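Shared between the two complexes below is chain A, which has chain B as its partner in the first and chain C in the second.
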Partner chain A sequence: MVERLKRFFGDDIKTNFIFLTIIAILYPIIYVFSPGWGVVLGHGVTWISALLGFNLLFGYTGLLSFGHALFLGVGAYTVGFMYKYLGINNIELHLLGGILSSTVVALIIGPIVVRYTRIFFAIFMLAIAQILWSLYYKFYWVTGGTDGIKIPRFSILGISLEKLDFATYHHVYFYFVTGLTFILVYIMWRIINSPFGLTLKSIRDNETRARFIGVDIYRARLYAFIISAIYASITGVLAVNHHRLVTPDIAYWTTSGKVVFATLLGGARIFIGPIVGSFVFHIIESFAMKFIYWQMVMGILIIAIVILMPGGIAHLARTLVDVAVSHRRRGG
Partner chain B sequence: MEVLKLLKVKKSFGGVRALDNISIALSEGEVVMVIGPNGAGKTTLINVISGYLYPDEGRIMYMGEDITRYPPLERVGKGIVRSFQLVNTFDKLTVYENILVSVLSRKKYQYAFRKILDEYTDALEETENILKLFGLSDEADENIMSISYGDRKLVDVAISFALNPKLIMLDEPTSGVATKDKDNIMEKILDVIRKTKVTSIIIEHDMDIVFRYGVRIIVMHQGRIIADGEVEEIRKNEEIKKVLLGGVYA
Partner chain C sequence: MHIAGLGKHGEKAWYQYKLIRVYNPRETIDMLEIMDLLVRIYNIFFGASVLFLIAVGLNIIYGVMKIVNLAHPAFFVLGCYTIAGTGMGVMINIFGSSIIPLLITPPLLAAFVVAVSSLLIFPLFLFISGKGDEVQLLITYGLLLIFEDIFRLIWGSEPLRASQPFELAGSLSIGEYLIPVYNIYVIISALVIALILWIFLFKSKSGLLLRASSMDIEMAAALGANVKKVLLLTVLIASFLAGLGGGLFIPSASAMLGMSVEFLVLAFVVVVIGGLGSFLGSLVGAFIVSVLRTITLILFPELELALIYIVAIIILTLKPEGLGGGKKW
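For the complex of A and B:
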């Protein structure tokens, strides 16, 4: 039979794994030269999950969420409350808690929001996210308000990391998250390449027709919404364990903006886009922060990306690879 | 056996009667062409049968079952499938994926995510066969937007056929296609209909096409059926010719 399901550069799982492996190999070298940049890579790997989740909705289902901070917040405060009220600092339990609570929240708001698309969906999500943010902000006797909830270093499988020096602790964090990210990337890749993934793309391209080939579009969107929420909450859980502080910032609209920006930077609609975007975003952010008006620098950059490379870095890379391959073929 | 039966179906938009007391019966395997000037109610007829619109009055029977109030999704599940007047495809997917998504949906795999597409060999094979049936194999890997408009029309119809319909409704499958390609596309579609023996309703604007390929013809005018019969009967009827010529070419 003819091979029809071709996957281009960046959409195949191999390129994704190779990219992550290269980062994992480079990390210790970079950390030795500059621990600061090592931590930046730590941020990069932490945010991949949220961006993959966002892109499932945006790049593959056609729903632009301006409120993904909502689910990062749910993940983050699940960790905060688990520690504050139950004294739990096991990261496995944090992850489990984050997945459960984000699923519950997605099941509550999902059936309503998936009935909207385009700007209506975007604003609806933003509004709900801001409501939750204001709760974290105002109910300070529960959430600690802007002071947040301080959490200690996490433990893995009951092994405490409290006694480690910072560098070793960070290495453990980095490789734990990288390992987890390999799994998350693989699962997401399988979802996008499954019949369900193709159904989502068909909804993205033509809602009406999708309905007339027998797809319950609200049901499909709800499933995608729940998966997206879980992925975002995982980043929420990881990020607060990285910072060891839970504050309302992670649920604020600027966090949603970051998710959108980093995904566009990497390239939506190509699988590797969000993965590349997460690292490049944090690297650029660290550079930009050296300026006083760093937000302005980021703003100019967004405009430049939208105009110069609307497909993002991944799309640019694919084009270059295509050119290189055809050159080699022509050269013999 | 009667596949479809419309009983005194009425549908108005404001003061305009789009369907006025329509009664039709279709037996299994029958191919009907519906013709009529603009605003005759042809597309409304398809909309009402497919569940896109509900009639104001009257009943729609399908395989002996009253489906008047069934939502579109349920009708698709029962084998009632339609295509649209304007090309309605999945624009960022390849020709192959456009048809595959339809095949998967019919096989109830549309929400399956435990296995990747490559493992659904039955669906992949079936997609390949449909491509062959419509003569689209060579263009399978192309993006749907990069092939000719006529071929996109064929893909549109192929998406409908991938659902294994028991009743298919095609809304002007040759509209917007260059005149020289019209025959080619109509022949391909009719060829597939003959091979699959599916009961069909084809709306057509072009009189030449209808008289060349039609067997049973329904003529609509201002929401009513003014003639229903064999092609020769219709051709001889001067009254009808006047309506059609007046409506279409005036």
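For the complex of A and C:
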């Protein structure tokens, strides 16, 4: 019983699917009562991909990146450029473009940064993200600077959504992204439970031993880095299609902070963590946004989570279930 | 953004002019005259002084406590805001426009405020020293986020200036160039601070204790050093230096939100180039980064950070221990 519940809270792919399905079922009800919260759920489902990617790198490989906004920015500006210079607004092509461009960027940056771990990796990522942000900002005749690039509603398989009213359009967006997220979650699950995923965990737990048994650490980290980049760029692509505006903000260091915080909140190292984290984060954010000192709240919560509950919400839920079960058993 | 009558290229040029209006006209090297070169060299020294004051604190904290304090540049910015937001107004009320007190007191006030506020964070530092890297990075990152919003909370999101000492000190004119006297004052004070710090670290008993703890903290404790006191001293000195840096720097610039990260990224290159935890390294590193910054600002202003980081990565690949020679202190 305990084992089954434990598996249910985090170590089973079914839980993730059930959780996402519940959200997908609740979404129309919530949207009817309050469209605002419907949009918040839309944000939540959009960000899952980036958080999964971040968790692969941080939770499973042990590389803490403070610059994941870099890849969100790459995805976002790929969409921006595809629309601005090629007039493409098919979301499938956007996703394809985002995946390709982030792979290229990860192949350029990855071989350099994955040689370093810990603080060096963290700050190199932060610095490279800041460099890219400053380029988006400074090359304004290409990127539109702070005004950004406005993009129209996307079209799926050539069907334009321009004529729909906002609610229907948002429903289409939400279910499209949810469907995509199911696929992404499944792929990530397969990656983490493959021999490759086990290799990554072994590197995280003990680098020296992993090297000793013949693991090519550099290559494994590089692959993890590229996968993580692709996942983050997918969120970049989706997020700008949701906002319909590409600005340098998405590549700024505060976005990286969001990614770090949301993953920690949900629970790093636990598979379901990022998925829970993304929704909880956006719900907290929409409350806290009224309070303009939102970053301060985020900072305090990061410190509190790291000190008090390093496993995040997913771990907390698991512990609570454990306690409840053992309590009942003792009572019976 | 459209400016009437400028056309596409004019718009670009206007935008570039706006970006680099401070001190870096885009000229090629052969246009540089000797005077020009002098101005640049002096800019290099100014940049290096500021970076040194941040990086040396980062290095001292890393050396003794083995914490890479991501919030360290926020100490520097706290110093800036203390003066620009509140301190300078008070100073002017007290001293009027007499120049000497206005030069000396703001940095000291900033350093004092920053050192006191670092006392509040000290328990957190004690808690994370000896914990894993991830915990340290995340907690100091959280602190950085908190600091950024504290600045916004207290001083608002508008850029703040405290340029009175800068204006009062006037400027020397060499040829057609104007060199602000204030910046010379900053360079000289940074040199004096570096000298005092060197004497403290290498000639005094507390400095000896500090260096000993950085080499082997358990051994130092076993030999009877009060380690907690040493750690407190470390944090106090580091934050004091960052505050001094902020107080010295702010009259020639303006305090803005987001500055902490900007300086974190720069200070980190300094530390990488000079070697983590090395006093000499931070001096060398600050100088090299400042030279690189000045050169790239002349040649390719858009790629300033990128080129600095490329050099940092090359140095890290060739000499992983940094140019400080891997030597402690």
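Convention: the second predicted complex is superposed on the first by the 314 of 332 C-alpha atoms of A that agree within 3 Å, B and C clash if a C-alpha of one lies under 4 Å from a C-alpha of the other, contacts with A are read in each partner's own complex, and residues count from 1 in each chain.
Rule of thumb we're sticking to: a residue touches a chain if its C-beta (ideal position, glycine included) is under 8 Å from a C-beta of that chain, and two chains touch if they have at least 3 such contacts.
Please read all numbers here as calculations on a predicted model, not as lab measurements.
**Q** On the superposed three-chain arrangement, identify whether chain B or chain C touches more chain A residues.
**A** C
**Q** Have a look at where A:Trp253 lands relative to chain B and chain C in the superposition and call it first, second, both or neither.
**A** It touches chain C, and chain B stays clear.
**Q** Figure out whether A:Arg211 sits in contact with chain B (first) or chain C (second), or with both, or with neither.
**A** A:Arg211 contacts chain B only, not chain C.
**Q** First (chain B), second (chain C), both or neither: which does A:Tyr116 touch?
**A** second
**Q** Go through the superposed model and pick first if A:Pro195 touches only chain B, second if only chain C, both, or neither.
**A** A:Pro195 sits against chain B, while chain C stays out of touch.
**Q** In the superposed arrangement, which partner chain does A:Val306 touch: chain B (first), chain C (second), both, or neither?
**A** Touch status of A:Val306: second partner only.
**Q** After the superposition on A, what does A:Ile22 contact: first (chain B), second (chain C), both or neither?
**A** neither
**Q** With the two structures laid over each other on chain A, which partner does A:Tyr140 touch: chain B (first), chain C (second), both, or neither?
**A** A:Tyr140: touches chain C, not chain B.
**Q** Under the touch definition given earlier, write down the residues of chain A that touch chain B in their complex.
**A** Touch residues, chain A against chain B: 1-2, 4-6, 190-191, 193-199, 201-202, 204-206, 208-216, 219-220, 223, 269.
**Q** In their complex, what parts of chain A are in touch with chain C?
**A** Going through chain A, the ones touching chain C are 58, 62, 64, 66, 112, 115-116, 118-120, 122-124, 126-128, 130-131, 134-135, 138-141, 145, 147, 253, 257, 260, 264, 292-296, 298-303, 306-307.
**Q** Looking at the complex, which residues from chain C come into contact with chain A?
**A** Within the complex, chain C touches chain A at residues 1, 8, 11-12, 15, 19, 68, 70, 124, 127, 133-135, 137-139, 141-150, 152-153, 261-262, 264-265, 268-269, 272, 302, 304-306, 309, 313, 316-317.
**Q** Which bits of chain B are touching chain A when the two form their complex?
**A** Per the stated touch rule, the residues are 50, 72-73, 76-77, 81-82, 84, 88-94, 96-97, 100-102, 104-106, 109-118, 120, 123-125, 127-128, 140-141, 159, 162-163.
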